[in-house]
Every structure is written in structure tokens, then in C-alpha cells.
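Same chain, two partners: chain A is paired with chain B first, then with chain C.
What follows is the complex of A and B.
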């Protein structure tokens, strides 16, 4: 039998003399760092970019020119600056994402959390509403709306995306709240004499923050991709720049067939990068909620087994 | 000081199974009185209605019939009357791992009931009272525990925090719902002794809910045996344990581990050839 004993000295030396206060220590997972840095770079570009570029709509007589020192990302068919368009499109897409994210947060928190906490007929009504909203498909609804309203603003698109997108997260939040509201600490707060709104906001809501964060991030991805899809089909907001409308105009201008890569690759790439960055952030939030998801890559699992030196020692002891 | 009277209380739950509905009687015409300085133990197996009685006392459930009297008057369900009731009747929950909010510090758990029931206290007064409560449940030095979160404490320490929270409003009646069943055997006695000491100091009326006959006998003046929601036997602690009358109580008493009886069995019969350590 192999018994491997370790010298106790080094193990003791690692223990700090007094337990340190560690408050709000954000995990420095590579996933989170990468996601946050890509997302903040895109956001910075969307916020600052439009002030640094010229008018994205001004037409010139240099049509479909490749990248030059004057136009970093070349021009469109009608001579518009692609880089200027990209800056404004980033701002437009992010605005949609932000508005839809905020609206989804409010709607899903209201219908999911309040309903589940109150219980009874209010819960029944709220979950009926969210079930109905869950089955209303977003794209056809926008198609129907667009046939009635010729001039759609960016806010209308955001409102429709939010209205059709909040129900899923409301159901997730409802389920979690149902499990939280019968926890002993909530009953204990009630026994202490806390008021209902305070139990909801102080005892229950903080435990929902990670879930809310991941739902919002998901809603932003959903909104930006949804808007891009709508715009690509020509159903987007009229007279505004988003990544989707850029792709729509590039498609209409036969950019792919003419080989004008500078026209469709930048918005497509930003779309993919931003979506990936938000997904990475979402994954790391998931890992905070559920630690079982952590340290499950193959390289991590390899670290759990013995090192080569340890294996050699073990073999020697056994022999 | 508060006297609480549980008078002929019935609690029915409706069970729905498809279209059929049936009623489950969780508490069946139970009456008892909690007086200052006295401990009443409520003993019974799982599902016998022990925790339902605790919930009824905490106004987390409404009785189907019967009434609960506080100092001779029916308990109030809302407003100032409810606030007074909450101040007078408090509870220690069973599971110290579930009864403290993982998000909040120990200090928050104790400060909330104090500010709720003593709105006139200033911030420093509340803080002083929190530290005093922590010291009373033997969490010394209190300064070191007040800013910790529940996950940084052991089970016994958490249950002490839960006891301190129950004492925070300054209650006259304390309901302890299996306060040590989730704790390690080695620290149970410490927590129970703490409860007994606090009871003597504050002259509390305690309802001790348990399925452990030995601690029920040791810590209470009176024992009630609950079986399927009804009290089948009641009386002074020693009488109920040593001289059980009802068949269910006899069964319970026999089910409790008794090392002497077990040793006698081992010596007398099956494993005669083995040497039994004396």
C-alpha cells in the first residue's frame, strides 16, 4: 500500500495569521476579463466614435473605394464613409440593446418576482400574462406592425423587442423566487415583523442579483441580434444606423458580389465580437451562481491528478 | 411577561389530487398554555404536526378553528396588535444553514428586529444592543462576529446567531423548532444549555419542539406527545418518559437508544460468545 505523507511545515506556512476581510472580490476569470474588455472596447467606440467622425450620410463621388488613409474602412457605393457609419451603427445597436435590456429587466422583474412573491390570484394572473407573451413571436409581430406604421423609430423597434422578449426571463425569475420565498430566512424576517416590500427588496432581491444580471445580458444579446435580423430583412427602424441596417445596405449594394469586404465585414465582425463578449460575461456569471460549472475544462481536470514527480514518488513507494 | 394559550386549535389542509380534494388534519384540537419560566416540550415523529403548531404560533398559518390567546385576549392579526405580538412571541428555526440570509451580515440579522421593535433607538444604541446580544449567546468577542456573513460561521455559531435574533425584540415566549437537530452531536448540549440559561435569565416561556425524548425530559417541565396532529399524552416530563401510558409513547420510548438495554441484550442472547467490553 502506498502512503504518501507530506511534510506539514509548508502547509502550515500558507495559513494567514488572521482571516482577512474579503469583500466583493470579483473573480478574475480569463473569460470574464476577455468578455469585459471586448465589450467595453465596443461600448467606448459606440460612445466616443460618433463625435470623431464626419457625417455618415454625406454622399461623395468616390464610390466603393477600398480602405485608404482618408477613409480607414473605405466607402460605400454612394461614397459614404464606412468608418463613420460603423461608429453611428455601433451607437444605434448599443442603444437598442440598452433600452431593451432595461425594459426587459423591469418587465420580467415585475411580472416574475412580484407575482411569485405575492402568490394567489396575482401570481396566477401574472404567470398567465407571461405565458401568453411567451408564445407571441417577435418577428411576425414586427412584420405586422411595420405594415401599419411606415415610419418606425428606433424606440418602437426596441419596445417591440422588449415586449416579445421579457417573458422567458420572467418565468426563470418566478421559479427562483418561488423557491426563495419559502426559505427559512424569509419566514424569519416575517416573524421579526418585516414588511412585505422590505422582505422583497432586502431579503429576496439581493439573492436574485446574479440571476438578474445574466438575464439582462442575455436580453441585450437577444435584442441586438434580433434588431440586426429585422433590419437585414428591411423591417428595421427607418432612417437610423445600426449594424443590421449597414448589413442590409451592403447586401442591397451587392457588396459581397463586388468584393467590397470593407463594407460588410466590420459590422458583421463587431456584431459577432460583441455577442461573444456578452456571452463570455454571461458564462462567468453562471459560474458565480453555480460553482459546479467552474474548473471543468480538460486542463483544469488534469491539474487535479498527481503531477509526474508525485506519480514517480508513488511508484517508488509502492515498489 | 406573556402567557400564551393555545385553545382547541384545529388546522386542516386541503389536498388536491386532480379533481378530487381531500382534507388533511395537521393539528387536531390541541390546547396548551405557555407560561413565563416554564418549558413545554412537544414530541412526535415527522409529520405529526409539530412544525404546523410552530407556524400557527408564528402567524405564518391561520388556524381553521380554535383560537390563540395572548394574556387572555385573542391574538391580533394586523396593525399595532400584530407588532406587539411579534415582539412578544419569537422563534428559533430548525436549520441554521437556511434561517440566515447568505447575503447579509450577522449584524444585519440582529439589527433589523431591534430597529423594527425599537424605532426610537439611535444607530449607536442599535449597534450596542447587537453586540450585547452576541455576547449573551456567547459569541465572544462580539466585534469579531458582527460583520461576518453566515457562511463564515459554523453550524453551532449560526444557531447562536439565530437565537440572538429571536431574543432581539425582547420576547416573553420563545418557540424553538428542533433547534439542535441540524447540529453536530458534540455541540448540541452547548446550544441547549445556552437556551436553558437564557430562559432562566429572561423568565421566558419556551415551547421546545423535538423528536428527541432524552433532551425533552432533561430540559422541559411538561411533555406533550403528538401523534397525527392530536395530543395523545401529556404530563410532567419524568412521568411521561418513565411511565408512559399511551401505546405510541411507549413505542417512542422504546425506539430511543438506550445503551444499558442494548448491552444487556448483547450479553444475554445473540452474541453470547463474543466478549463485550464492560
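What follows is the complex of A and C.
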């Protein structure tokens, strides 16, 4: 994953020869729509699903049965309903993602924006802390920390993931804030005697919102993937259902060797789908921040060409 | 010169931070590590007072020494390369285990990261140069691959190519039935490559999207710079503009973003190794976790951190070399 600390680009939209208001207002709508709809479908499944399915832990005497009309996604080794587990796992993973996203937002905003805005030794210190946190590999650290704690709640795991994952966002935010800080309008506000906290919250923060949003989305992906990896190693929160724990039990139940694809495919697929949906949302946000990135496909470019009537007009003007 | 000194200084601080974290984590955790281990052991059988004392001695919590003194001892032990004794692989020392496993991981991650970087940056260059081409349309797809967790992809590949079509071996780093141990022969090398193909493929597939996207986006931004227009106006060949003018400048953020990427790749490959039972450091870490081998766990964490810091230092020094501006600025 390469993160690029991009300078804020002046928002110059491509002006097509035939002005299309609709296109300008919703740039690259298909990506955003697709991303939002997949993500909300998964969220809906995680919120509503657990109420509609039975107990995910109840054991039956139909072990490792394939998908049937009774059990849509078959059963595990001990006859638990995979679909019911999936619903609860979705809720668990999303909770982790949400909590870590919020915590990361607070931490990275504090270390990135406040540091860059204040400048001086505070900035130096904060920047050093986040750079050090950035180069220390996160997952091994999380593994070490969580193996020392025998009874882990889902909140603790979220806190550990947030503590090890905020640094990347902080660096991106710092880069952006540094360039905003020296914009003319901020200097004007300073000269006119506005207080620091007002400049920060009224002049600078609104310009950071798209970037903050994309960093939160990134943090959610990171958290869900990190938690899944941790749970897959058997280090997740005790007694919780997440996509990672499902894969852990599937791996330990020899689902792979026994060919029980219905056990290990769905959680990973859902995880990948959700991650992809969030990436799509992130793309759209990036393209809003930096219009240069808007992909132009061949069909898009064809739309820019002038119509026959316009060409005729243009020819008349030049003649 | 100042740039290099600054970088070295930063990595020294990072190294110290990692060492200190490693020292304080067990001491800051709620509860006594001895109690935790005893309670874990008690689940398997009765624990005598002597066992308890032995565990306390092993973890170094039986001393009356002050925290500072312990810290000093810890640092001097690490400087001397003494990382303690492994419980899981008793009586081997942690150093020996790391010696055995590290080359496998460095080979696997190193090779697949380089492959993934080269292919990703190459494809990203083309995607940015020819926007809307088939390579550019590949980007959303590779980004989707990136959000696939490494270990799930590994499971999937293993299921397809190991169980259904038995093309690749299910686990291990080499054919343990043919070769008694590590040896320097052509047959052994072939066996290693054959066993490493699936794990390497997993890492390449999962990490290539990030390089591609980053390079493509920078390429797009770079192509709208004035000096590209000047180069075109001068009538330079497109190939020269693409590589010597655009790609050379666009690749810089990808290189400076190496730190973040490497962290991801290392994290992913730890779990990947667990899936493939690859004889690398990730499997050893997992073994340490499962058998409460704290000395091994901390040793491995330290070595992984050292390796990542070392790789980043190397990349940073290289960066200062290829981008003269960084040296001039500082």
C-alpha cells in the first residue's frame, strides 16, 4: 500500500465542451454508488441479520452438511448454522471497524492537525512520534500485546488496533495541514486577529473533511483486516464472533482438507467485498479532492467532442 | 551528508523506541505475567510452587532489582545478542530459532516484494500514461484484490491448487522427504522455489494493487506538470518523456511510501506463513504464541522490527541518492 502525501490541488474541474451539469455535480458517480450500495448492504446484514437468524452457537447432529434449504450456507463441523454465524460475525467485525475508525480519527487528527498547526517543537515531537509508530510494524506489536492479555474484550482489541494504526493517517493529515496553514486566507484570518482555535476549526478543518473521511474509511479497512488476521491466529477477543474467528474455526476444523467451501468462503468473501466497497468510496473521495485523478475512459472522452452543429459554428467563427 | 545523518538519527530513535516498547509491554500489562502463565498451565494440570518459581525466574520477575536496573540488563543482553531461551523449542535459544527461520522469511518477503513492486510500478506507469486503456481499467480490480485478506487468499489458493488440482504442495518450505536438511544443490533450490510459489503468489497478488494505484495516480499528476509539456514541445520521443521525465518523478512517493507498505506486507506474510506452515519467522511467532513462549515472541518482534527498520533505512538512503532535492533541502 503506498500512501501518497499529496499537495492539495486547486479544484479545477475538467470543463467539457458540452457543459453537463449533472456530471459536474456527481463526479464518477458509478464508483460511489456501487461502493455505497455494497457497503450499506453489508452493514444492513450486520445490523438486521442477527435478529433474523437462530443461535449461532447451538450444536446439531448434522455436522459439515452442504448448503440446503434449511441451512442456506450449510453447517460447521459441530452442526452450527454457518449463515447465523456469518450474520453475527458481520456485526462483530463492523463494530471493531467503527470503533477503531473513530479512535483513529481522534488520534491522527490530534497528532497530525494540531501538531502541524501549532508548529515549532510540538510539531517536531508529534511528527517524530508518528514517524516512529509508522515504521514499527503494527501486527507483530498487536500480536505481542494481545498475547499478554488472557481475557480480551472486543473494545480492548479495538483500542490496541487504533493505537498501532493511527500513524499513517497522521502523516497524511500533517502534510495537508502544513500546506493549508500558509494559504493566504489563513494568514488573513491570523492578521485580522482571529483566535487560534477559531482558525483551526473554522478555516482549516472544513477543508480537511474530505481527507479525514478518506482516512477514516482507510482506518476501518485496516482495522477489520487487522482484527481478522489477529483472530485467525487465535488472538482475537474472547467469545466474540467476527469474520476472523469464523475463518479460525474453519481452518482448525479442517474445512480446507474436507472441502467444506461453504464454511471458509463466505466470511472471506464478505470481508473482501466490504473492503472493496470502502476502497471504491475512497476512490471517489480522492477524485473529489484531486480532480486530476478522475479517470477518463474512452467513452468519456468521446462525449467531450463537439457536436456537428458546434463544429460548424466553430468553423464559421474562425473563418 | 546532513540528510544521511538525520536519517540515521531517526532510525536510531525508532530502534530505541522499539526496544523500550518491547521491554515495557510485559511490565505494563494488567496482571502479573507469572500469574497468567500459571493460570494457563493450570488448565492442563496441577502447578506446584516450584514451577511457579521457575516461571518467575524465566521471565526475570523474581529479582528485586529496580526497573532501571532491569532495563539496563535487558539492553546489554540485546546488544550481546542474547535473547533468552525458547520454551517451545527447548533447549534451543531464541537466537538459534531466529537464525533458522529468518532466511526463509527474508527470501520469501524480499523476493515477492521486489517482484510486486516492479510489476505494480510498471503497470501503474502504463495506466497513468494511457488513461482509459485496459491496464487502467484493471485498477479497480487490483484494488479489490488488495482488500482481500492475505490469509484468506492463501486459503483460497491452497484450496484450489493444493486440494482440488494438486499442482502445488500443501505446506512446508522444501520437500522434507527427499532432503534431510538445508543443502546447496540445484534439486534443493528447485524444491524451495516450488514450495515458495504459492506463498509468494499470495503476497504478490495482495500487494500489487497498492503499488499500481499509487504509481498511476502520481503519474497522472506528474503528466500535467509544465516540464512535461515543455518536453513534448521540444519534440522528445514519447518513450523518453514517459520514463525519463514522468515515471522518474512519479515513482518517488511510491519509494518514500515504502515504510507503510512494508509494514503491511510483513504483517500479511506472518499470517500467510501460518497458513502454508512455511518454515519462516511468522510460523515461529505463531508457535511461540500458542505455547506461551514469551522470550521467543519478544525476540521475534524485535527481529521483525529491526528488519523493517533496516529495509526502510536502506530505502531512505537510496531515496536521498535518487532524489537530489532531499539532500539539498536538509
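The rule we apply is simple: the second predicted complex is superposed on the first by the 269 of 319 C-alpha atoms of A that agree within 3 Å, B and C clash if a C-alpha of one lies under 4 Å from a C-alpha of the other, contacts with A are read in each partner's own complex, and residues count from 1 in each chain.
The rule is simple: a contact is a pair of C-beta atoms (placed from the backbone, for glycine too) under 8 Å apart; a residue touches a chain by one contact, two chains touch by 3 or more.
Since the model is a prediction, treat every value here as computed from it, not as a measurement.
Engineer: Given the superposition on chain A, are chain B and chain C in a clash or a fit?
Structural biologist: fit
Engineer: Quick one: classify A:119 as touching chain B (first), chain C (second), both or neither.
Structural biologist: A:119: touches no partner chain.
Engineer: If you tally the residues of chain A touched by each partner, is the higher count for chain B or for chain C?
Structural biologist: Touching more of chain A: C.
Engineer: So, A:256: does it touch chain B (first), chain C (second), both, or neither?
Structural biologist: In the superposition, A:256 contacts chain C only.
Engineer: Return first, second, both or neither, reflecting whether A:239 touches chain B, chain C, both chains, or no partner chain.
Structural biologist: So A:239 meets neither chain B nor chain C here.
Engineer: Which holds for A:54: it touches chain B only (first), chain C only (second), both, or neither?
Structural biologist: A:54 sits against neither chain B nor chain C.
Engineer: A:175 in the overlay: touching chain B, chain C, both, or neither? Say first, second, both or neither.
Structural biologist: After superposition on chain A, A:175 lies in contact with neither partner.
Engineer: After superposing the two complexes, find the smallest distance in angstrom between C-alpha atoms of chain B and C-alpha atoms of chain C.
Structural biologist: It comes out at 7 Å between the closest C-alpha atoms.
Engineer: Taking the two structures together, which residues of chain A meet both chain B and chain C?
Structural biologist: Dual-contact residues (chain A): none.
Engineer: Within their complex, state which residues of chain C touch chain A.
Structural biologist: These residues of chain C touch chain A: 10-11, 13-14, 17-18, 21-22, 25-26, 29-31, 33, 36, 39-40, 131-132, 136-137, 140, 143-144, 146-152, 155-156, 158-159, 163, 207, 210-211, 213-215, 217-218, 220-221, 224, 253-254, 257-264, 266-268, 270-271, 274-275, 285-286, 289-290, 292, 294, 297-298, 300-301, 304-305, 308-309, 312.
Engineer: Please name which positions on chain A make contact with chain C in the complex.
Structural biologist: 1-6, 9, 31, 128, 131-132, 134-141, 143-145, 147-150, 168, 221, 225-226, 228-229, 232-235, 247, 251, 256-257, 259, 261, 264-265, 267-268, 271-272, 274-276, 278-280, 283, 286, 290, 292-293, 295-298, 300-301
Engineer: Residues of chain A touching chain B in their complex?
Structural biologist: 19, 21, 183-185, 187-194, 202-203, 206-207
Engineer: If we count contacts the way the header does, which residues on chain B are in touch with chain A in the complex?
Structural biologist: Interface residues on the chain B side: 58, 60, 82-83, 86-87, 90-91, 93-95, 98-104, 112-113, 116-117, 147, 152, 162, 165, 168-169.
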